[in-house]
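Listed after this line are the structures, all set down as structure tokens.
You will see chain A twice below: alongside chain B first, and alongside chain C after that.
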Partner chain A sequence: MTSLKSKLLAAIAGSTMLAGAAFADGHAKLSGDLVIFSDMSNPAPRAVMEGMVDRFGEMHPDLNIELTIIDREAYKTQIRNFLTAEAPDVANWYAANRMRPYVDAGLFEDVSDIWEGTLSEELASTKGAMTLDGKQWGVPYTYYQWGVYYRKDIYEELGLSEPNNWEEFKANCQAILDADKKCFTLGSKFLWTAAGWFDYLNMRTNGYDFHAALTNGEVEWTDDRVKATFANWKELLDMDAFIDDHTAYSWQESLPFMTNGDAAAILKGNFAVAPLREAGLDDSKLDFHQFPAINGDVELAEDAPTDTFHIPANAQNKDNARAFLKFVTSAENQTLINAGDALGQLPVNNQSSVDDDKFLQEGFEMLSSNSPGGVAQFFDRDAPAEMAKVAMEGFQEFMVKPDELDRILSKLERARGRIYR
Partner chain B sequence: MFPTPLEKRPPAARTMYQAVLPLALVVWLLPLLAVAIFSIKPGADFTNANYWGVPSSFDFVDNYGQVFFNSDMPRYLLNSFTITIPTVIGAVALSAMAGFALGIYRFKANIWIFFMFVAGNFVPFQILMVPVRDLTLDMGLYNTKTGLVLFHVAFQTGFCTLFMRNFIRALPFELIEAARVEGISEIRIFWYVVLPLMKPALAALSVLIFTFIWNDYFWAVVLTQGPESQPVTAGITAFNSEFRAMYHLMSAGSIVAALPPVAMFFLMQKHFIAGLTLGAVK
Partner chain C sequence: MTYAAVPQTEIKRSYWQRNQQTLAPMLFLAPAVLFFVFYVIYPVFQSFNLSLYEWDGLGTKEYVGLRNYEDLYYEYIDRDAFYTSLKNNVIWLFLYLLAIPAGLFIALFLNQTVTGIRLYKSLFFFPFVISQVVVGLVFTWFYDPAFGFLNVFLGWFGAGPINMLGDERYVTYGVIIAGLWPQTAYCMILYLTGLNAVNPEQIEAGRLDGAKGLRMLWHVVLPQLRPATFIAFVVTIIGALRSFDLISIMTSGGPFGSSRVLAYYMFEVALSEYGFRMGYGAAIAVVLFAIMMVFIAYFLWSMYREEKR
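And then the complex of A and B:
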């Protein structure tokens, strides 16, 4: 409670400071145009985006802001078109390798100047994800944590506590299996869920830097260190830790195993909380813990997919766009747009206050202070799309046929040779 | 040649039939029933794997309220009407005229033009996907309702013309000859003699085309995007958010989207069945 209070106080202090800064900025009122293309098309994100534009417009009454919201999926194909043809001044996208094609093609503006000074400190947790070739190419506006969501009541009934290392993790799992339940539910039908397991096992076995090098295509998939990751994974598979027939379920279809108590936990992003709560798992039954360390020598690192704003290189009103990016990342705005009644995710600014929600609080704490190794974006955002597809198929196949590991890894290695050139 | 009517079969076969029919009906309707049941369940029932059981709470008002007041569904429904109705009018009007020309006048290329209309029906429409998309893009009609309407009119006119031509051929030709003897102009013959006789065909075709176009998903996805132009069949996927699919809302949306063609069917049942058989049986 005290930590919450101090956080709130810090937030208030931060926001008053920021209000001062905004006032100072306000002297230089912006005019002209600002064209924004956004993919925040679901109802809640849409309201957030429109709210941001309204508030920014109030600060700069002479500015003519034109906001176009495009369906999230359609946006992914349209961005290639509009970045080259009629570029807006601000556009949504994703961090890390997902922005590399546009950075390499010279379509995103280098915005390192915005990051100079205080912003780099306030946004320290996501700075790495926005950096390519030593420069920053945009700003984040929201992210969420990944980790183990578990049935607190089952753990209590079996006398288990949150594991702090790999041995405890496995011991907990064995106890759950002895109680005739499965340790983890998983729906790997659409592949990406298995990639979450790979991300964590690899980052805990070999560390963030190795994981980044691997997803960048700099390390062979047949490397012994990769094999060590899979050996750890195989320990879980040999224990039969996962639910049967997980390849038949989507992630949503895998949730019933957890709600009806057949499985005790799930490795998932924070978006799993909402359906689980609706299904009756209140805070006394559902809890969160960080994926524990496996190799004590590597620093903990987390998956925290980050959504971003960028300035296209062909934009017309770059000064206005820069002001908008600064506004988006300000502590005050971050508090507002990531609140439980808005996006319900984590603010990227460490001066912001986090919504009074157990899981968001724990996630913010974890990412701000207990993820020294770095923040990864999730496998299919860190690796190029083509490699991600092949690799995730490999992960799923490995979970079903762990003995075929060598064949699977040599297949991935061949794909690596073809894809990164 | 025809199967023996049921009344003439042995009693055992009749009992068997009566027992199996309801069963087959239930199995046949099971997916629809599932959607209908899901549309009044809360979202939590999906997470709890309560797929077939009694709803944990009765959320009819909630779900349908969400669909009508808190989503783009009304917009999508309106789009569907503004796409379907002009298409029906356009396709039926064009094909009535084309059918009149092909059915009444004897000229050399008659049969070839008719074959072209018929052959068009045999082209699998999927292979037209890329060229049609590029065409609409070049014409500035991509992502507009006009583009979708124009394409549907062009594509449906082929089938409609086959239908209309055969129907007009079956009319007694003496009626037209009689009118000509009276010295009535051709356009007035079409308007005052042929069109009134075609009423059953017009009604049947309208109902048929209405359901075809309303239920079209393929072209809706290929040629349009977003709530400003997409019809309801494509709009239902808007209930898939970034992470979660809202199955209960999608079910409610599907029921709403299916209502107009179903209502159309029950109101115009007679014409519908006539429409399905009219082109084939002369």
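And then the complex of A and C:
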């Protein structure tokens, strides 16, 4: 129904882009069908997805694009059915080990050819996350940093500054506790939030390479180095650094503790900024700092989960799908969709510009210059799903019953023996 | 002449006409039986079969014999997830039965003629009408450690706060209490209809013989409510064994898996975001089926006995 409009636009675009089309072969006119299944169901991502389809449709007026947006949670189980039965041409998913089951089952198309040439340089920061068995299985479209979001006004009131090492981190926390507040809010009901803490404590204690080996099942969970991570965690637990009853809250339900001033900080991804701002914390009250070093001998590494597009192996229109993937990762589109008024996250293409939002700027700088150790995806994307489930349950249990660490770790070790075969 | 005519008409009657009496009920039953066989009996055997394989739902199935059951056994020995689920199922079975006396009590209380009694009855029945999801949400807020009414209430007496759904010691009981709310309403309705059918002459006779209060209830009223009690027992037992929605809504099996029951554990293992061990899930389903079968067999047997009398 928008064909007339898009034809008009395309005519204009076509006449102005004649020169451009000469060196960008992705702009060759496409025809036929393109079926896209997307999990970008929240309001802002949904608008972004629909906007991308509109713009791609304007570039290729003869292309019949069919977009289906599925609820983000329901998508996680539906993808198994539609990849085998009636596959779309393009589908959303996540990077790293989260794509392993579909790669192993031959359900994702090898798209290494897209990555050849300049794209590999432009998307260098996320290439590792898209690579399994030496090939690339999709393209990223957005990612975001993790770190400590804290109440600037509380820190200023108590005369605290951003910590640069573990000692300062704990000293800050003690000062906050002495002021009768909690250092960190946390809602561990759905488990994964506790995994954020494990990721950072383990990467800071043992480094990125050890963390990657652990999530790949190459290291025993009963290893002394793992225990060292938990010992650091226990220091925080013994201080009573976290809010009480965190097992009863989701992460959203844990935010009021921070907005009320009962807790001073939260370890979270950048997606926490929007709800915190809505709850009344403006930039004078909310700030961000990188998780400080614990072990000076290991390089800093960060969590930066990446969301992706893939081509199912059973897709009908793979050429059109490849063109769409190239379009998604193009510098221009990346700037547009990750802007503050769209996704509000970080562009994956290094030729794009980052929105001048305070947190996005800080996060971009941290990831591009102060994360020499590497970039992890997040525990439940780096580890296989089954291991992630068992381990995250263990993390939550440890936070409640730190003295039972040995029993918990032996349970995880048993699971490791079963899952990685 | 008339003599000869009778056998002639008998010969003319078709097979259908002769056997109509037996065929008609069979034909009426056929669709239901067909669907039951295809959608219930057949999947039961499919589950049995699947529990002998290891399968992630995508790749090829691998035959592993009884290893899934062996794993369950070791999980039981190690007091791991399977043990917790089984234990919670037993707790559910016993505590959920409290809905029957509670329902009876409310039914007796409401079985009187006062103005507006219909309104009170429907208000008491209300929790059964609303969705389990809503019940779960309401109780989640009720239990909330920060602002939930339970802890506000306890605070008035200087007690609490207790973290009902976040503490492994209380969580199962917290969910069961939420479940008892609608289940009690259900039992109440069963008893209210039963009380309508109580024979007033027997009550009269009992009264003449000097029976009152509890004695009247126990010896005269309750025996007449037997059918209602039986149905209440059946639906409550089955309800306890298939408890799933409340756990999913209120705790997602947490904290650290301590409020799981078999049905939820099966879902988690086979169908949730982190699951897809189809064979293992099927093995849990078989165990759950075996437990249910004990009760179902008992119910069928006692119904058969009733019919025979």
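In this section, the second predicted complex is superposed on the first by the 395 of 421 C-alpha atoms of A that agree within 3 Å, B and C clash if a C-alpha of one lies under 4 Å from a C-alpha of the other, contacts with A are read in each partner's own complex, and residues count from 1 in each chain.
Throughout what follows, contacts are C-beta pairs under 8 Å (C-beta built on N, C-alpha and C of every residue); 3 or more make two chains touch, one makes a residue touch a chain.
Note that this is a predicted model, so its numbers are computed, not measured.
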Query raised in the report: Which holds for A:N42: it touches chain B only (first), chain C only (second), both, or neither?
Result: first
Requested in this report: Using the superposition on chain A described above, determine whether A:A274 touches chain B (first), chain C (second), both, or neither.
Outcome: first
Query raised in the report: Now for A:T247: first (chain B), second (chain C), both, or neither, which partner does it touch?
Result: second
Requested in this report: Kindly classify A:A385 by the partners it touches after superposition: chain B alone (first), chain C alone (second), both, or neither?
Outcome: second
Report task. Please indicate which partner A:L255 is in contact with in the superposed arrangement: first for chain B, second for chain C, both, or neither. Result -> first
Report task. For A:R72, decide between first (touching chain B), second (touching chain C), both and neither. Result -> first
Query raised in the report: Touch check for A:K189: first (chain B), second (chain C), both, or neither?
Result: second
Query - Residue contacts with chain A in the superposition, chain B compared against chain C - result: C
Report task. Could you look at A:R204 and tell me whether it touches chain B, chain C, both or neither (first, second, both, neither)? Result -> neither
Query - Residues of chain A that lie at the interface with chain B and also at the interface with chain C - result: 256
Report summary line: chain A residues touching chain C in their complex are 73, 76-77, 80, 83-84, 101-102, 104-105, 107, 188-191, 244-249, 256, 380, 385-386, 388-389, 393-394, 396-397, 400, 411, 414, 418
Query raised in the report: Taking the complex as given, what residues does chain B use to touch chain A?
Result: 42-44, 46-49, 70-71, 225-226, 238, 241-245
Report summary line: As the complex stands, chain A meets chain B at residues 42-43, 45, 70-72, 74, 252, 255-256, 259-260, 269, 271, 274-276, 278-280
Report summary line: Residue set of chain C touching chain A in the complex reads 56-59, 71, 78, 80, 143-146, 161, 163-168, 251-252, 254-257, 268, 271-277
